[in-house]
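Quick one: this structure, given as structure tokens, is what I'll be asking you about.
Chain nomenclature is as follows: A, B, C and D, assigned in order of appearance, with residue numbering initiated at 1 for each chain independently.
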Amino acid sequence: MKAIIDLCVVPLGVGVSVSEYVAACERILKEASLKTQLHAYGTNIEGDWDTVFAAVKRCHETVHAMGAPRISTVIKLGTRVDRDQTMDDKIRSVETKLR
Amino acid sequence: MKAIIDLCVVPLGVGVSVSEYVAACERILKEASLKTQLHAYGTNIEGDWDTVFAAVKRCHETVHAMGAPRISTVIKLGTRVDRDQTMDDKIRSVETKLR
Amino acid sequence: MKAIIDLCVVPLGVGVSVSEYVAACERILKEASLKTQLHAYGTNIEGDWDTVFAAVKRCHETVHAMGAPRISTVIKLGTRVDRDQTMDDKIRSVETKLR
Amino acid sequence: MKAIIDLCVVPLGVGVSVSEYVAACERILKEASLKTQLHAYGTNIEGDWDTVFAAVKRCHETVHAMGAPRISTVIKLGTRVDRDQTMDDKIRSVETKLR
């Protein structure tokens, strides 16, 4: 099953600056060969369900290993069985209607 | 790794009433022997990471099998390595400060 | 317009324990006479849209005033115009199907 | 108070294709002169708290007026008082650490 998710990992107990933890997650997602797009409030990820969630788990393990005692993550998760749809398709579908 | 998550599964393309799909997910979570608490905008779930996410996957598979062509789910996901904390602990911790 | 929301306020830069901030928000919601239900990963809130979001704003102002330099909040927000529905209705609707 | 939010409006009861509703929200956000960035699972929005949430309310009113009986929206909402930060700053902050 393919999934498109939006991932936002928020480490707690490490101060206000969280970008190094987000960068570590970006590296993990790239190593997993997942298609990703960073935005200002998370990262869009497209891939096989198991590959995606294995990478999310590795993000939590890594951010804890970097010193964060607590993590509060938000995931938006979309699956569909009526047709194949990519992240690019989703954006194009909205942009077409804005013309 | 233990996780406490808040799961909200929203099937699309099946009309406005989604309670039968939510009920199916509740059954899956119970069968997985996960500790859960239903609320008005989702379900709190406490358990081992892999068990939790295997159940979430089964929820998507089941809701699709029930006829939903598309699902948009929201997950809040907490892990911590500084100490063990249950869902009950989290609520009690706030309620103590409200007295 | 009536709204049912799920509010989860996460202060950053104040360490791992966030319960006193959550408790402060609970007090604000009560003072606003909103119907609320605390759970392990947020608070369900039911009320008039403007009253609800004025209270959410007051939560952010208060948590900042308590010393949190940064806040990352998650809101699930439901509105419907086909019929009136309370938080209790939503839970009952699922529980009926579990019997 | 300035806010950076991530908005994802999901209309229920209108079938699986939701792009026309998302496009209507994009128009509302532009008319409100808010800085926005559409991505594959929502829209990042930067602006004054009151302007942002007035626009979110108008989105719900409009999507209902377009025929959606029910809406389930997800908002991630960030505020900070330690320093001014834009959506571009947030992305740059992560990208710098990826080099």
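FYI, contacts are C-beta pairs under 8 Å (C-beta built on N, C-alpha and C of every residue); 3 or more make two chains touch, one makes a residue touch a chain.
Please read all numbers here as calculations on a predicted model, not as lab measurements.
Most remote from chain C, judged by the distance between CA-atom centroids, is A.
Between B-C and A-B, more C-beta contact pairs join the chains of B-C. Centre-to-centre, using mean CA coordinates, chain A is 19 Å away from chain B. Taking the mean of the C-alpha atoms as each chain's centre, chain B and chain C sit 18 Å apart.
The set of chain B residues touching two or more other chains comprises 13, 16, 69-70, 72, 74, 76, 78, 80, 82.
Judged by the touch criterion defined above, the protein chains are all mutually in contact, each touching every other.
On chain C, the positions that touch chain D within their shared complex are 1, 13, 49, 53, 57, 60-61, 64, 69-82. Contact residues of chain A toward chain D in the complex are 4-6, 8, 16-17, 19-20, 22-23, 26-27, 37-42, 44, 46, 74, 76, 78, 80, 82, 87-88, 90-91, 93-98. Residues 10, 12-13, 15-16, 18, 69-70, 72, 74 of chain A are the ones that touch chain C when the two sit in their complex.
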